[in-house]
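To keep things simple, chains are lettered A, B, C, D and E as they appear, and every chain counts its residues starting from 1.
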Amino acid sequence: MLEIGLTHYLLLGAALFAIGLFGAIGKKHVISILLSIELMLNAVNINLLAFSKFLPLSNGAGEIFSIFVIVIAAAEVAIGLAIAIALYRSKGSLDLDKFNLLRW
Amino acid sequence: MNHLLTFILFTPLVAALLVFLFGTTTKRAKWIAFAVSLIPLVLSVFALLGFDWTNSQLQFSVLIPWIQDFGISYYLGIDGLSMPLVMLTTLLTTLTTLFSFDVDHKTKTYFTLLMLLETGVLGVFMSLDFFLFYLFWELVLIPMYFLIIEWGGPRRRYAALKFFVYTHVASLIMLVGIIAMYFVAGRELGYYTFNMIEIMQKVHFASSFQYLVFPALFFGFAVKIPVVPFHTWLPDAHVEAPTGGSVLLAGVLLKMGGYGLIRIAFCLMPEAAKYYALPMAILGVISMVYGAFLALAQDDMKKMVAYSSVSHMGSVLLGLAVMNVNGFNGAIYQMFAHGLISAMLFMLCGILQHTFHTRRISELGGLANRLPRLATFFVFTFFASLGLPLLAGFVAELLVFLGAFSVYPALTLVAMISLVITAAYYLWALQRAFFGPYRESLEVHHPHDLTWYQSVPLTVLGALVLFFGICPAPILNVINVSSQYILQLLGGVL
Amino acid sequence: MGITPSDLQYFAPEILLALVAIVIFLLPRASKNIPMVFALGAIGLSFLGTVWFLFTGANTVMLFGSMEINAFSELMKLIFLVLAGITILGSYNYLQNLRFAKEYISLLLVATMGLMFLGSAGDFITLFVAFELVSISTYALPIIDQKSEKGKEAAIKYFVTGAFSSALILYGLSLLYGLTGSVQLSVVATVLQASTLQPILIVAMIFLLAGFGYKMAIVPFHLWAPDAYEGSPTPVSAFLAGITKKGAFVVVLKLFLATLIAIKLHVILLFAIIAALTMTIGNIVALVQNDMKRMLAYSSIAHAGNILVGLAIFTPLAAAGAIMHIVAHGLMAVGAFFGIEAVCKKKQDYSLQSFHGLGKSVPLLALGLSVILLSLAGVPPLLGFWSKMVIVISAFEVGGGMILLALILVLNSALSMVYYARLIKVMYMSPASAETAPKAKWGEIVSYSTALAICVGLLLLLGLFPNQLFMLCQAAVAILLP
Amino acid sequence: MIDYFWLIPMPVLFTMILTLLFGKKLGLKSAYLGMLGTIASFCMSLSVLPDVIAGTVKQVEFTWFLNFKFGFMLDPLTITLLLLVSFLATFILLYANGYMHGEGGLMRFFAEVQLFTFSMLGVVIADNILQAFIFWEIMGLCSYLLIGFWFHKPSAAAAAKKAFLTTRVGDVFMLIGILILYTQTGSLQYHEIFAAAANMDPFWITAATLGLFGGVIGKSAQFPLHVWLPDAMEGPTPVSALIHAATMVKAGIYLMARFMPLLVLAPISQNFMVIIGLITALGTALMALTATDFKRVLAFSTLSQLGFMVVALGTLNMAGAILHLINHAFFKALLFLGAGCVIHVTGTNNIWEMGGVWKKDKVTAITVLIATISIAGIPPLSGFWSKDEILIGAAHANPIFCGILLLASFLTAFYMFRLYYVVFAGKPRTEKHGHACGKTMLIPLVVLSFFAAFSGLFSKPIARFITGETMAHGSNTVMMISIVVALLGFLLATVIYGWQKISAAKIANTFKGICTLLINRYYIDAAYNWFCNHIVVGLAKVADFFDKHVIDGIIHIVRDVTLLVSKAAKWVDIYIVDGIIRGICSGFVFGGSEIRKTSTGQLQQYLLLIAAAVTVMIALVWGGLL
Amino acid sequence: MMQSIVFFLLAALTLGGALAVINLKNIVHSVLCLIVTFLGVAGIFLTLRADFLAAVQVLVYAGAVSILVIFALLLVNQGDGKMAETNPYSRFGYLGVAAAMLFFGFLSFSLIKTTWQTTGIAAAATSVGEIGVRLLSQYVIAFELAAVLLLVAMVAAIIIGREVKDHA
């Protein structure tokens, strides 16, 4: 079996990112989209950490970066969920397809 | 007296503000506008009196740096080229204001716009800084657009839009030319400046550059003049515009084109001007003849007059294109004379519309029996416009032809067809609308002859047309000095 | 190496804002005016401080390059402070009936603080956190009035697109980090210039462009913007269109102009095309809008295109023009949104109908709005004209294809004139029918009008004397593009 | 006085202005006011006459503007015409006082008549071609206004327009001539032009003289621009007298006489003038044969006589031309004024409705008879002398010219006596009644008849005075033939109309075709009408169509395209920007129906667009497109 | 060798979880699978010797965030117990697949094509202390901003999530 190198991690990240991307576009539940975006952020974290560890010059900044990413992701989830709840309260549904009051 | 021009330029702006703020009733708006518009007129008379006829340089100039990083300055000045046009503008605005006393609809706004228009036009004629020039050039568009669209005839939307788009596109293309000059001049000088005079005196543009940029400038100005085939906005705009609007449109706005052509295109790109002289002359002749034919085909009196403007302004282009002193003098004098005469023409058409609610020649007839004063003015003005000697238009036409014949004899002969056609459409219109038996059906409009505020402007203009026909010297002397100077710049082609 | 007190002084304005924001959170709900006074006071003090730093020529780098204080950062802070101040002041009337008034104000303050850090940030991490701070504090704004159905929809659209874009940005930043091994902007720039062009660099650049393009609302990442601006309460629209949007431009100035200079050619081409598309589509779609807020949204999109032209030209002069246009459009957008709100507040009808006969019924309002519209159209001598002119001039200086781009800009300005003039025409020329005559009590729109007046005044002032501003912009650009 | 000779026309101008100011109040008395002016001019002219006879030639110049001057000159030719014009105008005004009785618009009428006179004086006294042209044009204006004096009559309005337009065509040619002269010699002053003529290219001399002659064709109503003159009858009779005798048509002859020094150098122009003159002289005399309107017969005769003068000029016979001009002025003025009286008396214009006027109005009958004999060229009345002079000149140039002129001369005698017999002899043919003529109408007749009778006797001194050389000795042969021809004409008329031995109707029937041709004036008017109405107006319509549909059409297309683009753009934003994604991806996806359902405002579509844009951009960059 | 197996196992876990998140029809199941993915990612972090980050990942994501989401789900799905069809595909499902595949395609392509300045092996673990020191020195501003950010997020969430009292 081959040596696990940087590229493997990066490909894993890319795959995770792509899956998240699909979720964001292909699911219509608001919370589901939130989850997908979390997947994408996780992919970023994998990238950051991989770089941080594999690059000689990296200086470990990637780890710190990813901490911030996690923090921000958490904050976003909080707000996203709050908006979802507010939406559900007024529309009775979280089906994004139905939100087209604003258009053209 | 250093800031005489500044005062002339901004008094109308103040007037606009005054009208806007205090013109609460129709009557007050009218009188404020009229009274304040007298100020620039008086001031410009002062300027004329203080003008040194023998000096070809700019006079009364004011130069204040404004935005130095771009070389923009507040630079005003007049010379023999702009002096007559400034006079014309202040005079016509005052008279138009008086003539428009019958405007009842949104009077306040109407007069505010008129005053704004005056500032814009004066600014164009006085600015010696490209930037300032362009600014005023654009400023002119806006009030005119609103004048047409609000007080205009039935097809005003179409006309206003056409006017706006046409002239706007033209000025944008002109802007491109100006900016190109700005850069090239800046590169040559080592610093950037919008100062026309400085660029004119210090920069020599390469021929290839001139050949490239001149058409852009020409297009910008040609639309304004207007030169066939860029003229179709004019009849529509004229016909739909309110009388005051068309008076100023024909009287002064068209002159901006000719003025710009000389001041900017010719002075800064002399080689290109020479290079393109023949095409310009041809366009001028086409405008003259084609415009005259178009006028002949019209049934709407105002439209006929509008096309006659195309024809007459064509002679301006012809005069400029021949580049000799007679041609230049004639062209510039033609701008002045046409300003006076076309103002009268449009005022008269306005009266017709106002009195009979129609301007169609075929619906009129025998008016001379019923309204002799109106008919007299019509006859006088028509003859002035067709170039009767001892009226202002003749001198201009004669000089243009004298100038043109020595350079392009054959073209001049073609152009002279327009003389006959012009006479034809005016006389034909007179015959159909004013002579013959009175058409009794018109009586339903209860026509009455001229009111005082109609006859005063007409009389003043008529007197001036006569005066400047008999002794053109006061204006022509002023013009001549500048023409000589500009021709010297052009390097004495002839 | 930590931060020293002498360094800390430079952040006094931001710290003040943060503290006041927290204090406002803690105030009792009943007090409506105190938060306003606090906020404006804080902004005023911050403004003074920033002006002090700007004009004393503060120039320092601290925290291993994570933070920079220089002419650029201070100018940006100044701009954001002024704009935010106007917005908060203008929101006074809106807040009268708003349940979460103090939260609204403090969210704006925090967002402003975040924006102020954007100019100073020297590494990806700080830059990104500041950027997210702005986003997160504004996510709640469209929905702040819970009664509005449109507001909720605007919020979800704004939020989801924002979060999605954040992911794109982060992925792009991670790739840049991976390529250079550093998060310092200056280091990244140096390393990239020294190394060969990697394919992934292009991907990173495009991810970043897409991510920030969302915030800048440039085509084709613009679609959320009209929805969000239309759906949000108007003061919020003003803040989003006039201010937060500009934050993205600051980031782009730093990232693309200064940092990604290695792939300058690609950036230029991409920017040029997007700019042309943005201007054209923005203007053309604005042309057919009947809802004025939506029209302004599209007009904002078009203006983003104008700024992008300045970036695409990639010369110091052009960048200065872009910054000028950021200022100009900030003022114009804020003024325009508040102006429209002042007109349409009563009926909540933002269609063209509401403006009929405004010139007669509320002449001063109509006049102010007209000035803003003319400035938007780029009519001299208003500021909107100068910034465009600088950009056009710089395009001519570069020559070549940039002239074409400038031409597109100029033609677009002409095109935009059509719909601005239409509004002006309606205000002055169309008769007001009885039921459409907008008749709000003066007290109900006084703050909107004041904001409008301030914007108009600034536009006129800066329009007549653009020299100072231009010099500031040039000094700022000198930092970015030495 | 001689130093102030340039003031000669001014009294007329002065009284004209007075008339304008006070004419409303003065009414018919304006005529006296006008006469004051013309008499003053006449007296001033007289007072300088001795000096001129003594050989003084004066010239005064002022600067008009820039290098253009206005100036006045006094030489024998000028003084002759000044005297003639002011003299005739005086009597015409006097006559008008009676004739215009009861008409409206008197102020306008008298002011215009005086302006007319003033302009003619101006043309004559000018020392440069430009100034002459200016007054020339103003005469055109006056003729327009006066012919259209009764503008409520459509025919008058039409005639006025026709007169102005037709002469305008000629004026354009004249202007061309002026332009050529100016370009070639750099001056407009007569003496400078003539001085420079020696160095001019013959081509340009020919061109210039032809151009000037073009103006003459218009103003002096030569073929093919003669059409306006017969119609000019629509004006009041004094106006006709003025146009035919004193002003307007005579200006043309004067101008060519003035340009004799140049004409001498242009043989082609001479020939051209002779041909035109001959055509006019003969052609119009023929038309006079069938005319039934009194004044129209006179008009045709004027045309014919003008043809004589032009032939004289063309044969460089200036003395003949000017002598005939003078004589013609007297008898034609007399004829017209007489015609006015007749019309006054009979109340009709149609000669076949007249008859027996001899009995009604003896004074008129006798004076008109004198004029008729004079114009017919029967010695010793004036017409004979000058006509003879012209005939001799023509015979010198080419006997054929002379022959044609003799034919015209025969016809002249014939139709004039025909007219006389029909009108004055016999009995009234209708019941129409006019009213008797007043004294102010008859006095001018008497005075003029005196001149018409005897002015010919002074031919030799006048000719010497004008040309400065003694008249060539007359050819007796030509003289005899001309007398015979005139008498033959008289005889024939007497036979047909006097004794009515031969039925005129029969002749007319025999030459029916020719008659129709003549009555219709060779269809020239019709042809012009057709040309104007169909070709010129047609061209105008074509231009209009071109303007409205082609030029504007292009504009409209541009506009429509712009609008379309803007609509399309909205559509693009809604469908394509969104739809592109749908469109692109439909390649990947089989479920097309999914896409159909899509509407916009969909958040995820926005996300999808972002993703698609990223993909596209990367593809573009990698594809080397960016 | 061992390392490879662990990596691939964890990668499979992560991706499988992720795929399940987006493919399951029941949203509660999706969330549970998300936790699996988070744990997988934490494992990946461990293989990179980023112990601290792995811990944060487990605590913040798998713990806090997931619980938050589940609570939210309970809030929005009160009452009816039908959870089977709660997480459907949107109408852009297929397009999403295509977009995702394209993304993965060009990402993997460029990631592989790029030559990274790699050392070949993962660096040693970073100590928590080191991270802490750097957070509070070089990145102190970001740190403080993040603090404000969390505060703001909290406030914002409260504002948004609050029940509307007056039904006007």
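Here is the rule we go by: contacts are C-beta pairs under 8 Å (C-beta built on N, C-alpha and C of every residue); 3 or more make two chains touch, one makes a residue touch a chain.
Not measured: the values here are computed from a predicted model.
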Separation of subunit A from subunit D in touching-chain steps, minimised, is 1
Min route length, chain touch network, subunit A to subunit B, equals 2
Greatest Cα-centre separation from subunit D belongs to chain E
Counting C-beta pairs in contact for A-C and for C-D, the higher total belongs to A-C
By C-alpha centres, the chain nearest the middle of everything shown is B
Outermost chain relative to subunit B, judged by CA means, is E
CA centroids of subunit B and subunit D: separation to the nearest Å works out as 34
Subunit D and subunit E have mean C-alpha positions lying a whole-number Å distance apart equal to 102
Expressed in whole Å, how far the mean CA point of subunit B lies from that of subunit E is 73
Multi-partner residues in subunit C (2 or more other chains touched) are 123, 125, 129, 132, 136, 139-140, 143, 146, 155-157, 160, 164, 178, 181, 199, 202-203, 227
Two or more other chains are touched by the subunit D residues 570, 601-605, 607-608, 611-612, 614, 618, 622
So the complete set of touching chain pairs is A-C, A-D, A-E, B-C, B-D, C-D, C-E, D-E
In the complex, the residues of subunit E that touch subunit D are 90-99, 102-103, 106
Interface with subunit A, subunit E side, in the complex: residues 1, 3-5, 7, 11, 14-15, 18-19, 21-22, 27, 30-31, 34, 37-38, 41, 44-45, 47-50, 52-53, 56-57, 60-61, 64-65, 68-69, 72-73, 75-76, 86-97, 99-101, 103-104, 107-108, 111-112, 116-123, 126, 130-131, 134-135, 139, 142, 146, 149-150, 152-154, 156-161, 163-164
Within their complex, subunit A touches subunit E through residues 1-12, 14-29, 31-32, 34-36, 38-39, 42, 45-46, 49-50, 52-58, 60, 63-64, 66-68, 70-79, 81-86, 88-89, 94, 96-97
As the complex stands, subunit E meets subunit C at residues 106-107, 109-111, 113-117, 136-142, 145-146, 148-149, 151-153, 155-157, 159-160, 162, 164, 168
Listed in rising order, subunit B residues that touch subunit D in their complex are 162, 165-166, 229, 231-232, 290, 293-298, 329, 366, 368-369, 379, 383, 388-390, 394-395, 398, 401-402, 405-406, 409, 412-413, 416, 419-421, 423-424, 427-428, 430-431, 434-438, 471-473, 476-477, 480
